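Next come the structures, one after another.
Next come two complexes, and both contain subunit A; in the first it sits with subunit B, in the second with subunit C.
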Partner chain A sequence: MKRIWPWAVRCGCYAAGLWIVSGAAGVVGFVAWRGLPHLNAQLLFGDVSARDALFGGVPVFDGLWPAVLGTVALVTGAVALAAPLGLATGIYLAEFSRGRLKEVLTVFFDVLAGIPSVVVGLFGFSVSLLLHKLVSPRLGPCLLVAAFSLMILVLPYVIRATQSALEEVPQEVRLTALSLGADRVQNLVWVLLPHSLQGIASGLLLAVGRCAEDTAVILLTGVVVTAGVPRSVLDPFEALPFYIYYISTQYGSTEELERGFAAALILLGVSVSLFALAYAVRRAVGSWALYRA
Partner chain B sequence: MDPVVKIRVEGLTFRYGARTVLREVSALFLEGALAAIVGPSGRGKSTFLMALNRLWEEVPGAHAQGRVWVRLDGRERLVSDPSFPATELRRRVAMVFQAPNPLRMSIFNNVAFPLKVMGQRNKRLVAQEVEGALRRAFLWDEVKDRLDEDARRLSGGQQQRLCIARALAAQPDVLLLDEPTSSLDARAAGVIEDLLLTLKRRCTLVVVSHYLEQVERLADQVYEVAHETLEILS
Partner chain C sequence: MSRRERLVRKILGTATLCAAALPLSILIFMLILARPLLSSFSVSDLLTGSWAPLQGRYGILPMMVASFLLASCSLAVSFPVSLGCAGLIFGLTPPMLAVPLRRLVQLMTGFPTVVYGFVGVFLLVPTVRHLFHAGSGRCLLSALVPLSLMITPTMTLFFSDAFAAVPRPILLAAAAAGADPVQRFVWVVIPSARRGLAAGLVLSFGRALGDTLIALMLAGNAAQVPSGFLESARTLTAHIALVIAADLQSLEFASIFLCGMVLYVLTSCAALCAWKMRAATRKNSR
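Right after this comes the complex of A and B.
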């Protein structure tokens, strides 16, 4: 009877792993199956040729190209805003804040992480109204406000990832540079941060994924059905998740729905590319930290 | 000529949280000598070393009382003196840990690290010092063709000698070693022991060890940790 338990636990673990992998493979496979046949240049660029759209500056009206660019711009903007702020806050929490203040701030960021995205969207919407009233009537929901709101949404991930990566640096490593006469800032920059890159990078990857998929926030802060290729951060924009949401609720024909699946496939592709980019950056930064003089 | 006292410890009491590890410890370490501290594990031998270079200040929950003087540039300096920065103290009183702890960097950058910390930018000088430190640690011939490799690819014994070279790079007056051979095989340990005997000529060594044979071969002074205090054996 005793020998059955290790066996059962192992089977259970395998089953759980298999369940997760097959679930993910099922979703991706289904989207690919429905979307692949409709994935072509016309879906991206409409009636304009790919060359004209990419290099000729010819506007695309009934293709997904502007939405692809909109999503990329949105994710880049939001992560570029969230990364420095999140890193700095995470470093502060892990290395410099102590006692009561640290506890309060930690709880505060946990609460922030739990805020539903639609609430963050409403906040962004209020910000854009405020800008409209106070700064200029030409301002309103736009790429900048959307990126700002998404930053608020993903900031807790970056903060928490940075904080726990730094706190998990083993005591021996933490003491090494200090024992050689380094001060705390030197220790942080030359030892602790390079040591925590992996954890920090996972936080940023999570943020990238979250920004790429979110619909509720951008719905309230500047996404529209037709805007063309983004020209200014102060203009409304198109984005893939919103297109998918829009087409799947408003489709008039099966063909339109199939376009939605193709768009989902493109969104997956964009996310994977952004992930790959983040990995490449991490590797580059890693070897730079290792080999620079 | 009377031997010069390099380190003087008086009434050192050390606590982790509510647990007292060392109580009212006093000790003298002589310049140019190798002092060994022996005793069972977990009784505060490593802690004692950390009190000498104030590294305990970076350990959460640690608390030390008492006074430690180190003789630097011909005068005794109180290590807890607020006008004496811990960073300078730790450059003059360097430390090698029990498990080799090369940083995630190339071999060269590891040994150059203390110089970088000091703000030394002269590349030629840094290269000279690195070579010198590696030679003094008996490691130069083994690594001179692979200085750009990740230091963590070296063998355990080589890593420990690298850590000794790194500690030597900033030309310290005192070298503290916490069981420097306990994670190594007999041959690598032998190399380190020979190394310690030659290093004694240029700096004062305080070595924690629990190999009594090793201590007999190497040490000029032996202290034993017992009953929360340090007793002189020889």
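Right after this comes the complex of A and C.
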């Protein structure tokens, strides 16, 4: 009996490892198997030639190009909103607040980090209702509202990355410039921020990855099946993750299904490489970065 | 304090205030928009009633049961798996295997949920349909597998962090007393990391509860209390995504804000619990 249980524990652990590896292999393998053969220029641009679509302004109807551009616009908007706010908040938490206030604020952002993305999307939707009622009846769910909601979703990442990067700056580095006569703002701008750039960059990369893959938020804040290339921030838009979801619910032909698999492969590739980059930039990224739905 | 410092402080403080107002304003918006429903029904009726909007019944019990069932079952599957994986990464296997495993788990945190759902629809659902002859194949079981696979990597990383935080002297003492790696893992590492494990468990429960796409794509979305794993079910999150297209003035529409509120309250409780546990750990280790 005494001999058996350590052996059983070890076997159990290996079984767990095998399960997770085969799960990952199953997901990647299946998507790659069905998607790889269809990964070509026609997938992006349909019957329009790539040059016409890129430079001639010819609309693309049966390709992923508008969805890709929509996702790019969405991610750019969301990160452009989240970066300044998140950086400022992270710096304030790390450098200018202490004691009770800091604790309360940290809990606030923990709560924000835990809110399901669909609830954030619901909030974005109600904001668009409010805008519709108060500002102009022309306004509704649109690219701007979606980017704003995604900003809320990824804000905790940026805040936590900034805060923990700043707090990990060694004490000697922190004191050197101060002892040479720099004030706190100079110290922050010239010493502390450059020193914690890696951590901040990795947090921003995680935020980009999360924006690119999230579907629940945009599902509620203005994504549509056909909108063409995004022209205004006040219009509905197309996005890659929503396209994948849409194909899984209703596809008209095998051609569309193949395009769905290729889109899933692209999204998987982009997402995984962003995360890999984030981890490579900062080796020690741990669980702090990741608890959110 | 120079004038510039005061200015910088003021700007950063304002930004922090704006950011901190977000979680509060989300709750307030949910409350205001759910009001039509809350003023015409009592809360206990809404939380324990069935969903039949055509007969004027807007209870969200079926969705709550489905959400709880799905989240706790996927947790029951992924907890031992994560514990095992974290054990392997911690040192039950040579570094030659442990390091690639850790890399893989880190990369898996980047898999989009919609891809899990997509693979589920075209790989798992037909399999379940053929194996169990279960109608369309979209049922709790089909959602359970990808959901547990989705929360495992984060949980594993969280557990690994908790294991890494176990003080080295304790491990050395155990090794000196003659404990082999498995004994150390089971009798020393797991007990001394138990708070971290509990915090990871609670946070993962919040994640499982909050996932939308997997449940929406795979669980079948029938608004009834599921009686088995091969039954179709609708989670709170899927309910929100499905009913959002309803008439904006209807009570049906107001019910999704009630669902949002329930989700909000549950996940923030999870976040608070996890924070409490981690705070206690920090105090102990000092």
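We take it that the second predicted complex is superposed on the first by the 233 of 293 C-alpha atoms of A that agree within 3 Å, B and C clash if a C-alpha of one lies under 4 Å from a C-alpha of the other, contacts with A are read in each partner's own complex, and residues count from 1 in each chain.
Heads up, the rule we're going with is that a contact is a pair of C-beta atoms (placed from the backbone, for glycine too) under 8 Å apart; a residue touches a chain by one contact, two chains touch by 3 or more.
This structure is a prediction, so every number in the text was calculated from the model and none was measured.
Asks: Based on the superposed arrangement, let me know which partner A:His195 touches: subunit B (first), subunit C (second), both, or neither?
Replies: first
Asks: First (subunit B), second (subunit C), both or neither: which does A:Val173 touch?
Replies: A:Val173 sits against subunit B, while subunit C stays out of touch.
Asks: Could you tell me if A:Leu131 is touching subunit B, subunit C, both of them or neither one (first, second, both, neither)?
Replies: A:Leu131 sits against neither subunit B nor subunit C.
Asks: Taking the superposition on A as described, I'd like to know which of subunit B and subunit C A:Asp183 touches: first, second, both or neither.
Replies: both
Asks: Output check: A:Leu81 vs subunit B and subunit C. Expected answer is one of first, second, both, neither. What do you get?
Replies: So A:Leu81 meets neither subunit B nor subunit C here.
Asks: Applying the document's definition of touching, compare subunit B and subunit C: which contacts more of subunit A?
Replies: More residues of subunit A are touched by C.
Asks: Of the residues on subunit A, which ones does subunit B touch that subunit C also touches?
Replies: On subunit A, the residues that contact subunit B in one structure and subunit C in the other are 183, 290-293.
Asks: Of all residues in subunit B, which touch subunit A in the complex?
Replies: 53, 55, 58-59, 87-88, 90-91, 94-95, 97, 99, 101, 103-106, 109, 112-114, 116-118, 123, 148, 150, 166-167, 170
Asks: Write out the stretch or stretches of subunit C touching subunit A in their complex.
Replies: 2, 4-5, 8-9, 11-13, 15-16, 18-20, 22-23, 25-26, 29-30, 33, 80-85, 87-88, 92-93, 97, 101, 104-119, 121-123, 149, 152-154, 156-158, 160-161, 180, 182-183, 185-186, 200, 203-204, 206-213, 217, 237, 240-241, 244, 248, 256-257, 260, 263-264, 267-268, 270-272, 274-275
Asks: Under the touch definition given earlier, write down the residues of subunit A that touch subunit B in their complex.
Replies: Contacts found on subunit A: 171-183, 186, 190-191, 194-195, 289-293.
Asks: Inside the complex, what are the residues of subunit A that reach subunit C?
Replies: On the subunit A side, the touching residues are 6, 9-10, 12-17, 19-21, 23-24, 26-27, 30-31, 34, 84-86, 88-89, 91-93, 96-97, 105-123, 125-127, 129, 152, 155, 159, 183-185, 188, 209, 212-213, 215-216, 219-220, 241, 244-245, 247-249, 260-261, 264, 267-268, 271-272, 274-276, 279, 285-287, 290-293.
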